[in-house]
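In what follows, structures are represented as structure tokens.
In the two complexes that follow, chain A is the common piece, with chain B as its partner first and chain C second.
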Partner chain A sequence: MEVTTRHFRQSSARACRDVNLRAVLDHTTRYFQSKRQASLETFEGRDAHFARARAARLNALSRLPELLEQLEANAIAAGTIVHWAADAAEARAIIVGIAKAASARVIVKGKSMVTEEVALNPALEETGAEVWETDLGEFIVQLAGEPPSHIIAPAVHKSRQDVVELFAEKLNLHGESIPELTLLARRALREKFLSADMGVTGANMAVAETGSVILVENEGNIRMSTTCPRVHVALMSLEKVVATMEDAADLLRVLPRSATGQRMSSYVSVLTGPRGEGETDGAREMHLVILDNGRSEVLADPVLREALACFRCGACLNVCPVYQTIGGHAYGWIYSGPIGTLLSSLLLPRSETRDLPFGCTLCGACKRTCPLSIDHPKLMLALRERTAGGGGNPIGAAHALLARHPLAYRMAVGAARAVDPRLDLLARLPGLPGLSRFVDSRRPPELKTPFTARRRKKTQKERS
Partner chain B sequence: MSGAATESRAAILATLRKGVAAAPFAVPAPPARPASVSVTDSVSGDAWERLAAVLAPLEVRLRMAGTRAEAAKHVADIARERHASTYTRWDTALDGLGLDEALSSLTRLAPGCCQELAQADLGLALAHGALIESGSMVLVAAPGQHRAASLLPPASVILVPRRALLPDVSYLPALLVRHSVNGKLPACLNLITGPSSTADIELVLVRGVHGPGVLDLVGLDWDD
Partner chain C sequence: MHAHLFVPCLVEDCQPEAAEAVVAVLEHLNVEVRHPAGQTCCGQLAYKTGDLKNARRLAARYLDVFAAPGPVVCPSGSCAKMVRTYPALFAPGTSEHSRALDLAMRTFEFCEFVAGLPGADSLGAELATRACYHGSCQLQDQTDDGAEAPRKLLRGVRGLTLVEAERPDRCCGFGGIFSLQFTAVSEALVEDKCREILALEPDILVSAEPSCLMNISGHLARLGRPLPALHVAQVLAAGLKKETPPWK
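What follows is the complex of A and B.
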């Protein structure tokens, strides 16, 4: 998908004016919050389980190079073919190469943010293959030619009527009710699963000590994509590795609860190599592509690397007042909400994402909600600092300097207000680059009569 | 691995090593994992009852069988209720339960390619583990234990031996090891927790989007 993060200000302003979108987001985020809350209330030993999950993720990050090598060795021993991709272009080239070698004409895909990140679909389609998203939500947004709008509910911005019209227009399939539409999708995609040559998935995690890839889902499309086609390719961003199956089990206890409020997702697949001798289904050929795409550089940053601990439950999106207002598309790339802001800022060029970390109220709801205790606001501030340090707005820097010195601040504001009481001419002053942008994003407080003046007036009134 | 891939691998690992060395992590020791509720814990109630209670919100029905004949009868009842005319089942693991006799009016489809098994109305498999806390059935693929049996048919039946009952997902590593053959882990282990489901259109829950829309369990409540 096209990266439009540089237009975040305009797209978020546009989204704020979309009344229908606000209604959808209100319904969606409340739905996920209530499911999650209900699940966590009955989760015995919740805090200990959360702490274990965080420790599993941080332990993995602290040993990342060693664990990736161990994962590679054990995956190869299990019969998996392991590839390393430094960036999106390499990942595409590797997977296109696998598709060509397999003469893949039909390719089915499980929901995977990382395949969206590397823009895999267009590259596979260029080989002449049919590429089908098979998660129902992803299928809908693929037909609509749109990116997903939520990490775990990609088509949440689409109404039933939108889907009715979409299926009629693109597939000539006609249904009205939601179960009917779901059945139509099942039938249409069942044909694709059965004729597919290759299945492509992401990876929720990979286990270094066993070489296993773990996939979590509810629909069964990922199981289909790894059971019927003769080739399975799992694309995994490198931070998803965990040390042991015990760590994976700790994460599995937390991930579904935090994502959808389920004790366990409908299907969890632990895949260790291609099908064994004598088995009649499962991929005959399994590939694991380990993707960097900028993550290895992040590991050296003692603050920002915490974002790599995320396991994409999406809970931070649902509690974020900014996401609740503007939705996923306004962020301009596949990742949205608090964690999306962090990931996009870390993985995309800085020039493309300058405004993203400022689209945050620093309310801390994300941090309080994150089962892995990722401190999003702290990371957001670090990103803002980095943005300012990299040639930020000098007016902003001057404002920050004044704000640290209350007397100087009061004098400066008093002087400014002496000539421009409502501070509405400031933006038009010539010769101060960046001033209009700075003022545009701030609404100065109403002019108030000083407290001493008010008291004097009151006293005079009482006397009279 | 191609030259470019080898270079990428080396570069990625070198950058990671440099990063870890430049700013070492301080990972706090995790707290002890809260103890699992024992399968035989009389305070928490009967294990089967607890499993049934967890599965009820998922619309999964657990039928208990005290004998092989009773188990076969349950399976025949389920086939009738689901209007099944064809079925596929695991081989050796389910032999000896008299299932083929109980389903003699149905056509059995042999394990094979997905295109053929997609015609099956009912799929029968055996749970190697049943995680009471989450209601998850653990199925391990192997020769004669095809993955499609619990995936392609619209209705799925999983038979659950008493010995399969386990407290929770913390037993996953042990299960994998138990099913290793000559030190090789099984190629596929699935946790199945209820039927296939989606809420991708207007967050309305629909069962049976790609996998089975209904899941029935038959508890085999005897020692073996």
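What follows is the complex of A and C.
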């Protein structure tokens, strides 16, 4: 998709004027939160499990090169063909190459953010193949020609009515209720699974000690995509590796609960190599593509690397007041919400993402919700610092200059109070368009006799 | 016992009554209040816009302003939190760093400080009012005790009915520089907050965060539904005086 992160301010303003979007987001983010809450309330030893999950991720990040080599060796030993992609273009070229070699005419896909990240679908379509998203939500946004708007719920911005119209227009399929619509999609996709030559998925995690790829899902579409076609390609970003199966189990105990409020997702696939001799199912050829795309550089930053601990449960999106108000598309790239702001800022060119870390109230709801205790606000501030490059914003710099000189500061406030005690002129200050908008919707506070002067007067009165 | 009063810039010039109330409550609890001179800004604005250079300079100033030993009490969760961030601004091993650590350890948000004082449980405040409490985001980042302290104090006021918005933990949309750069989103959030508050039909809006009070009450005023917007300290002080409060 086209990267439009540089227009974040404008697109966020546009999104929050969309009343239908606001209503849908309000409904779905509350729904996700209540499911999650209910599941966590009965999660015995929750904090200990969260801590184990965090430890598993941080341990992996601290040993990443070693674990990746181990993963490669064990995957190869299991019969998987392993590829390394330095960037999006390399990942596309590798997967297109696999598709061509397999003469793939129909390709089915499991929901995967990283394939969105490298813009895989258009590249595969250029080979002449049909590419079908098979996750229901992804299928819907693919039909609509839109990118996903939520890490785990790609069509969260669509209402039932939107889908009714979309199916009628694009597929000439007519349904009304959600079960009906689901059945229509299921029938349409079932044919694709059976005729597909290649299945492409992401990876929720990969296990270094066994060379396995683990996939978590609810619809069975990933199970079908990885077992029906002859060839399966899993694309993983390199931070998704964990050391052991036990670490993976620690993460699996937390991931579905935090994502959808399920104790376990309906399907968990652990894929270790292609179909073996005497086995009756599984792809005959399995590829694992390990993508860097800027992550090794992030890993070298002692503060920002924490963003790579994320295992994409999406809980921070649902609790973020900004995400709740503008949805995912306004962020201008595939990743949205608090973690998306961090990932986009780290993976895209800096010139494209200057506004992203400022589109946050630093309320900390994300941090308090994250099962891995990622400190999003701290990272947001680190990114702001990187953007400011030691300078900072002109209002802030002027304020700081005054604040360093108490006398000048008092004189400036005193002068403002004498001229404009009700701050009516604020809206007309040049160069501060945001301020006039702010005072349009909030009556500014009055400048009163300052506390210091009041206290001085009171003490004098008490003395005399 | 004595305490140093740390007056946020917004309180000094726009809500001085809050600082006066802090003094009244602390003195009622036999704390001698000192007010160090030279206070301007703790550096929060600079820090949150990514301007670490200025944040560090202002932090260094405040290390001097509050150099005298003894607890520092501030009627703002976010300013108190900023001071607790000071150690991160200086390199470990420097004298600034150790002074910052010392100051961070003895800086308290007002409610947190008062709730820990002897006599806080039997303050004896009385005020017949329906109060909507807005718990600010920055307070929630503190220990559970810190986040609960304002509620605890308000519950102790006889005659006061405490209510909270439907989503009490949700941000009011201010976020400092955010409200100037993302005006539409900020506005949408304060609209949500005001709708939830007005649904409760409170007499007053109470918070421990002056900037949230400014944001929410400013929007309520623009809606034509103004509410007295008070710091927790003002409610306690009014309750202790047992007279008709000044906002009635």
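Keep this in mind: the second predicted complex is superposed on the first by the 389 of 464 C-alpha atoms of A that agree within 3 Å, B and C clash if a C-alpha of one lies under 4 Å from a C-alpha of the other, contacts with A are read in each partner's own complex, and residues count from 1 in each chain.
We take it that a contact is a pair of C-beta atoms (placed from the backbone, for glycine too) under 8 Å apart; a residue touches a chain by one contact, two chains touch by 3 or more.
What you are looking at is a predicted structure, and each value in this text was computed from that prediction instead of being measured.
Colleague: I'd like to know which partner A:D281 touches here: chain B for first, chain C for second, both or neither.
Modeller: In the superposed model, A:D281 contacts chain B only, not chain C.
Colleague: See if chain A has more residues touched by chain B or by chain C, and give me that chain.
Modeller: B
Colleague: Looking at A:K158, would you say it contacts chain B, chain C, both, or neither? Reply first, second, both or neither.
Modeller: First partner only, chain B.
Colleague: Check whether A:A51 is in contact with chain B, with chain C, with both or with neither, and answer first, second, both or neither.
Modeller: First partner only, chain B.
Colleague: Which of the two partners, first being chain B and second being chain C, lies in contact with A:T361: first, second, both, or neither?
Modeller: So A:T361 only meets chain C here.
Colleague: Both chain B and chain C touch chain A; at which residues?
Modeller: Shared contact residues on chain A (touching chain B in one complex, chain C in the other): none at all.
Colleague: If you look only at chain B, which of its residues touch chain A in the complex?
Modeller: Going by the criterion above, the answer is residues 1, 4-5, 8-9, 11-13, 15-20, 22-25, 27-34, 54, 111-115, 117-118, 131, 133-136, 141-144, 146-148, 151, 168-170, 172-173, 176, 181, 184-204, 206, 208-212.
Colleague: Can you check the complex and tell me which residues of chain A touch chain C?
Modeller: Touch list, chain A to chain C: 9, 12-13, 16-17, 22, 321-322, 325-326, 355, 358-365, 367-368, 381, 383-388, 390-393, 395-397, 399-404, 406, 409, 413, 417, 432, 434-435, 437-452, 454-455.
Colleague: Could you pull out which chain A residues touch chain B in their complex?
Modeller: Touching chain B: residues 27-28, 31, 44-45, 48-49, 51-52, 54-56, 58-59, 61-65, 68-69, 78, 83-86, 90, 94, 134-137, 140, 153-156, 158-160, 163, 178-179, 181-182, 185-186, 189-190, 193-194, 210, 212, 218-221, 223-224, 226-228, 238, 244-246, 248-250, 252-253, 262-282, 290, 292, 296-302, 305 of chain A.
Colleague: Over in the complex, which chain C residues touch chain A? Could you list them?
Modeller: 7, 9-16, 19-20, 23, 35, 37-41, 43, 45-55, 57-58, 61, 137-138, 140-141, 169-171, 173-190, 192, 214-215, 218-219, 221-222
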